[in-house]
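One structure coming up, written as structure tokens, with questions to follow.
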Amino acid sequence: MAKKNKTTKTRVGKPRRRPNNAQKKGMSPGTLLPGTPDMERGPVRITMIDYSETACSDEIDWDGSISTGPRPGYRWIIADGVHDPDVIRRIGSAANLHALVQEDIMNIGHPAKVEEWNDHVFLILKTIGWDSAGMEPRIGQISLLVGPDYVLTFHQNDREFLEPVKKRLLSGKGKIRTMGPGYLAYALVDSIVDHVFDVMDRINDGIESLEEAIFTRADDAIIQSIHTLKHHVLIIRKMMTPMRDILNHLLPGEVPPFPDTLRVYLQDVTDHVGSILETIDGFREMLSGLMDCAMTAISTRTNEVMKVLTIIATIFIPLTFITGVYGMNFQFMPELAWRWGYPVILFIMLATIGGMLLWFRRRKWLVRPMGKID
Amino acid sequence: MAKKNKTTKTRVGKPRRRPNNAQKKGMSPGTLLPGTPDMERGPVRITMIDYSETACSDEIDWDGSISTGPRPGYRWIIADGVHDPDVIRRIGSAANLHALVQEDIMNIGHPAKVEEWNDHVFLILKTIGWDSAGMEPRIGQISLLVGPDYVLTFHQNDREFLEPVKKRLLSGKGKIRTMGPGYLAYALVDSIVDHVFDVMDRINDGIESLEEAIFTRADDAIIQSIHTLKHHVLIIRKMMTPMRDILNHLLPGEVPPFPDTLRVYLQDVTDHVGSILETIDGFREMLSGLMDCAMTAISTRTNEVMKVLTIIATIFIPLTFITGVYGMNFQFMPELAWRWGYPVILFIMLATIGGMLLWFRRRKWLVRPMGKID
Amino acid sequence: MAKKNKTTKTRVGKPRRRPNNAQKKGMSPGTLLPGTPDMERGPVRITMIDYSETACSDEIDWDGSISTGPRPGYRWIIADGVHDPDVIRRIGSAANLHALVQEDIMNIGHPAKVEEWNDHVFLILKTIGWDSAGMEPRIGQISLLVGPDYVLTFHQNDREFLEPVKKRLLSGKGKIRTMGPGYLAYALVDSIVDHVFDVMDRINDGIESLEEAIFTRADDAIIQSIHTLKHHVLIIRKMMTPMRDILNHLLPGEVPPFPDTLRVYLQDVTDHVGSILETIDGFREMLSGLMDCAMTAISTRTNEVMKVLTIIATIFIPLTFITGVYGMNFQFMPELAWRWGYPVILFIMLATIGGMLLWFRRRKWLVRPMGKID
Amino acid sequence: MAKKNKTTKTRVGKPRRRPNNAQKKGMSPGTLLPGTPDMERGPVRITMIDYSETACSDEIDWDGSISTGPRPGYRWIIADGVHDPDVIRRIGSAANLHALVQEDIMNIGHPAKVEEWNDHVFLILKTIGWDSAGMEPRIGQISLLVGPDYVLTFHQNDREFLEPVKKRLLSGKGKIRTMGPGYLAYALVDSIVDHVFDVMDRINDGIESLEEAIFTRADDAIIQSIHTLKHHVLIIRKMMTPMRDILNHLLPGEVPPFPDTLRVYLQDVTDHVGSILETIDGFREMLSGLMDCAMTAISTRTNEVMKVLTIIATIFIPLTFITGVYGMNFQFMPELAWRWGYPVILFIMLATIGGMLLWFRRRKWLVRPMGKID
Amino acid sequence: MAKKNKTTKTRVGKPRRRPNNAQKKGMSPGTLLPGTPDMERGPVRITMIDYSETACSDEIDWDGSISTGPRPGYRWIIADGVHDPDVIRRIGSAANLHALVQEDIMNIGHPAKVEEWNDHVFLILKTIGWDSAGMEPRIGQISLLVGPDYVLTFHQNDREFLEPVKKRLLSGKGKIRTMGPGYLAYALVDSIVDHVFDVMDRINDGIESLEEAIFTRADDAIIQSIHTLKHHVLIIRKMMTPMRDILNHLLPGEVPPFPDTLRVYLQDVTDHVGSILETIDGFREMLSGLMDCAMTAISTRTNEVMKVLTIIATIFIPLTFITGVYGMNFQFMPELAWRWGYPVILFIMLATIGGMLLWFRRRKWLVRPMGKID
């Protein structure tokens, strides 16, 4: 995990505004520029699904009008890319979007928000999933325009969040076909939040495996893992906090496409968001605690290593000194000529070792170093 | 304590939504799925207790109707398991429950909440007890539906929280039989909160024993205990925070089954919850402080070990050098032939030792290393 | 200070509810149980003081009625113990107290609160003093019932907080006799807050002496003292926070026995409480800072010890190696036979020492180790 | 980066009020003093741009009147310096500015604010850019007076923030010429916020490169870089917090030159400011986490170094002792005369080494020290 | 700086209530006691300045009446000491002050506050300056009574804060003579806040010099300086927080002597206070960061010292062992008799040194220890 982090593409705090930022200085706000260079530049496909209580068309190419017209029912228009200003402008003029809204749709680093306009509500939702390698959380963005009988959806690479909703539309189960554009938007939010639970599960697993590992080996890889998990937690929090604000804005049932009948559904997803945010706070506290544990565990380990060194050195350095004394070449050293000099010295050295060991045992240094040091 | 933690089943932050989460993506909210695989799959027993001011039936099998019908009195229906969708659906249709409510009842990882519906109030309460081994806090969930003359209770494994209330009902003491379903719900909340005090007592005992242990031996086991206690504290806080919100919602006396006459009782339990939350904050601060103490104590210990090593090495390394000098085999070393060479050298070495000891004493290194090192 | 802590009876976070908690599970709230086992079980004396603007009786045994009856004036009834349910029940029926209020009075671990009832106000106040040995803060509890012309006071061991008020009543100075039960209650609160200042002074002295000590010797005793002071600070904060809420509830002058004319006095004591809480926050920050200082000071000390060891070892280990070389017994070692071999080697060794010392001085290692190491 | 910091001119917390502060004590507020000594003292050029929906004059010298007079259109007056009291006084009397406003304009360390006066709004905006060397963030200040048909702009060294707006005015694209002084002020704020994104990008790059570096080498330079980045983050936060307050004050559309038609633009820039502030909080948390990582990484490294030392010392110190024993010169040491004494001792020493290595391996000390130590 | 701290007279958290506290227990609130024993006990001089739009008297002894009487104009009465109860009582009865107000005036440790009375406003302001040695911040207190045509000022040792205002009064510049007592009070607050900027400048200088010093030498003196600066920052915050509350209370222009015409001036000084409080928060974060830096820097240093020791020991301990082997006195050691034994051993030892150095270089241990260790 540590290695991967070095080339991570996830950025917590930085709004990915940079690409067109340099070009934009001095331009009028609302000026549309071609998207960021690192986006794929293929043509953007625009599709639509018409649905009503009784029927639901398959996803087909957009015919250029926003609503189903005289036929009853609702229309869901999906733009699979936001990097082409022409496409945005085309939809924008058909749906009568303000220039700033069009600019926001193309800015895939825009913070989440909700804006009420005359005949529609504009939502920017941030999504979180896993990158294709499944190693790093990937932040995406889905912009929604919820009108009286249509929903416009703009996204760059976030089809996975739309598919569950499309499947439900086609299957026709539940109330999705009958409750209008507000419910469709709610279903999208629910799909996004469901994905967050997946990311949270992974983080939870990461924390649990760290908790087991931290006391057996606390090394740089573990510290880096803690840091990486903190990073991910910050990403989710940054993404979910405005989600809560958006839902709280919609909850009172006074924004037209989100009538009071939707409240129980919105409340349900709001509860989930609230629960995620609380859990996230728990994660942050756990990870801070783990960092403390890591540092304390390393200090304990250093202390144990020091004890081993100190025991060895304290026992043998004095003994070596004694051997040094009797290794001196003075001509007049009476002990050297004694018959029992050598055994006596050996005995003294053994006694010294014993005394040292007793002293260490009294200090309880020997309990762990001998049993389990590292 | 440290060992057990490795196989802990408690999870702070993770809503146990996972089991049916994977299956649920793309499904309509409100779809009921069979419960989580790790639940026991036996048939769910549904029982009921009819009570009135003057009488109280024993717990018997449910007869399928929600209220006592023409007979005066209140009915308490208890479902001992939420893993069987059929059972939930049966009770749900009898009590006229919204599909989302039924889904929430089956989701045993749902956050706590209160919801007002037309003729009943829906409460999800989180419980906290000890697992069967008594080693780890176990989070449970009790869902309540409080109607005008009935209370529905759903739980998976939390009988222990219902028993005290049942006993009071049967004994008929106090006001439990006369004050209706709201009071019964209050009695359940009170029972849950009473259990929290038990968990808190254990945590408090843990903190107190850590406070004693931390300065005698600060090792990995102690650090892990601190971490585990922090874990438990986070669990309680996560569980009690929404409890307070729920009670504050019920307190004004405007939710029908909780009339103004209940306010004094609800206020009482709210005070207890508030006191728990404050105490929890105190625990967190204490535990953070203990982690700091642990780290500082380990550093002190390392410092003491270092001093021992430094004293020994600083005294004997120079002496060993001197013996080395006179152990050299140069042919022209006049000292070696001196009559008093050996005693003079011995004296010089003794003087060196004395000087070193004086120097260490002046630096106060000898005060503790000699008295009490570890 | 460290030793004492081990047998401390102060508990920050734990509501002392435990004693009758185990018994109470399954009992109706409001059931009165004999008090905690560790209370003295002597008979409870109930006394009363009748006072009016012109006169004040001495403290005499209670005659069983709550107010002075036809005679004008106010009555202050004091129960010196809350462990006897009969006593509480007797006063309770005389004063028409709710069962929950009677239960709260007996629960000496109840959080502080204010409750308005029909004809009286019920206050639970937490007190803080020193235990008999003067070593640990002791938390107590005084329950007050303030009626239109009487004040009931219940306490277990907190006479010291009542005495100053009684003395003022008897002396008759100031407005205490003329302003009714609300003022008497205010005087009690003022007495409690005055005691808090004493506790704060001691904590302040403790912090100041720690600040001096921490840089001369940072050992376990100091760390433990910091921890103990944090403990005490948490106790005071836990006690004063609800006090502020209670006063803020009484301040607007709408609670009957606390009319608008008392506001200036209540405001005064509220200011003191606010000032204490701010000071407490300052204490907490200071103590956290001191813990950081302690850890940093210990690290500095370890660093200095390491430097001494490194200097000694770095100088003598290479020299000892040189002596080792010429202590080898090879038959063909030409240096050994040189006339100036010994002096040359001695000179080389001296030069090595000098070079090392210069190198250390350039690294500034010698500045402090030689001047002031520990 | 570390070196530069030592001569940094950026100051987070200190309002640059000092220069004329010493002189000002005892003076009436509103007294204008010559600017700070370290400002360039050249004459201040005052220029103006007249623009209307159809035309826009080039920047020319100011003619002394505040509005375009009878001709329709708006006037933008720019003072390139605030150090000359005469200039401020001249514009002040022409625009009817309060003495305190004039004083605030000259005080380039004033906190940001918005003030409504009778016929104009007074804004102090703080800017952030890079110093000429591009190494340190530089805080500047632009004061705005937005009247019904004019905008006065005062700045000391912040032309770069005005140029983009001037370019848009001259190009005439967008709504800048038609929407009056409020829009011009909004364009200035937008230009300032755009520059903040640049600074944030650099900080983000700094954090990312630190994340890579911290686990390969955690030294003083890295710690200093973390500290410097924290510094910069504090600067931005200090600057953007009042910006948000100012925008929230203008948003409701009740301040005259900022009518309701501007709200969508102001909301847009407010969103950006909000996003910056959230990102800043993320940065702070990341940097605190990095400091923890750095400390833990250094401790790990120390631990590894200690292990190397301990392994070497633990292996060789006992062996050296053995050689010492047989280097003693006792006359009666029977082993010395044995035929196989030397090989046996060599074998014993080899066995000791082997045993030690096995022991270390069992403690897993050899895994990393041999593979990758530092 | 470290030394001075030990005898500091500044106390952050402790309200200086202690002196008359012990005496006061059991006394009626509002009882005036002689001031604290450590105040100078000289007679208190009371002076007054009468001023109107056209004239301003010099400071002369007070004539005993509160207002200028029939003559138009305002009166400023200054009491240079609050330790004499008689003086306070005399002024108190002349100005009709409540007993609690008189008590508060004499209590020089009272928290700051504002109180509206019938015909006057009572303000307690805390001041901060430097002690006579200029080493420690000194907290003072000025009590103000602002009536319709008079200002009473009580202070113990804080003449320096009054002088600038008096000078402005005498010089007659600005609006000080025309705008009544509210403006005079404002001018005093402005003077107090101006002094705070001085203290902040010193703290800022301290932080900047610490930032430079911390990476060159991180020792106890630096840690102590950080701690002392934190101390000072806490003092200022504790003093300025209520100042902001007081100003916010006066701002709406509804307190009589502070009419709406003063609002622009009060807003100005409120802005300064707000800016100080924000800067203070920045200071606190900087100082916490510096403490972290210090600890990390010390750890780095310890790590470097350890590396030096390890390099030296790791190179020479094995070599010394080799010399030990050939220093043994076994009779059968064939190497000793070899012609090239000595040179071969020397070469082996050189090769060992070279190998070790290569190994260290590969681990990059040699980069810094050789270039710059400490």
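In this document, chain identifiers A, B, C, D and E correspond to the written order of the chains, with residue numbering beginning at 1 in each.
Heads up, the rule we're going with is that contacts are C-beta pairs under 8 Å (C-beta built on N, C-alpha and C of every residue); 3 or more make two chains touch, one makes a residue touch a chain.
Please read these numbers as outputs of a predicted model, since none were measured by experiment.
Trainee: Can you check how far apart chain C and chain D are, centre to centre, with Cα atoms defining each centre and the answer in Å?
Mentor: 41
Trainee: List the centre-to-centre spacing of chain D and chain E in whole Å, with centres computed as mean CA coordinates.
Mentor: Chain centres of chain D and chain E, defined by C-alpha means, are spaced 25 Å apart.
Trainee: Out of chain D, which residues touch more than one other chain, so two or more?
Mentor: In chain D, the residues touching two or more other chains are 295, 299, 302, 306, 309, 313, 317, 320, 324, 327-329, 333.
Trainee: Are the chains arranged, by touching, as a line, ring, star, complete graph, or other?
Mentor: Basically the chains close up into a ring.
Trainee: Under that contact definition the chains make a ring. Starting at chain A and heading to chain B next, list them in order.
Mentor: Chains encountered around the ring, chain A first and chain B next: A, B, C, E, D.
Trainee: Per the contact definition, I'd like the list of chain D residues that touch chain A in the complex.
Mentor: By the definition above, chain D touches chain A via 163-165, 167-168, 173-176, 190-191, 194, 197-198, 200-201, 204, 208, 211-212, 215, 264-265, 267-268, 271-272, 274-276, 278-280, 282-283, 285-286, 289-290, 292-293, 295-297, 299-300, 302-303, 306-307, 309-310, 313-314, 317-318, 320-321, 324-325, 327-333, 363-365, 368.
Trainee: So in the complex, which bits of chain C are touching chain B?
Mentor: 2, 5-6, 11-15, 17-18, 21, 24-31, 98, 100, 104, 110-111, 113, 115, 217-220, 223-224, 227, 230-231, 234, 238, 241, 291, 294-295, 298-299, 301-302, 305-306, 308-309, 312-313, 316-317, 319-320, 323-324, 326-329, 333, 335-342, 345-346, 373-374
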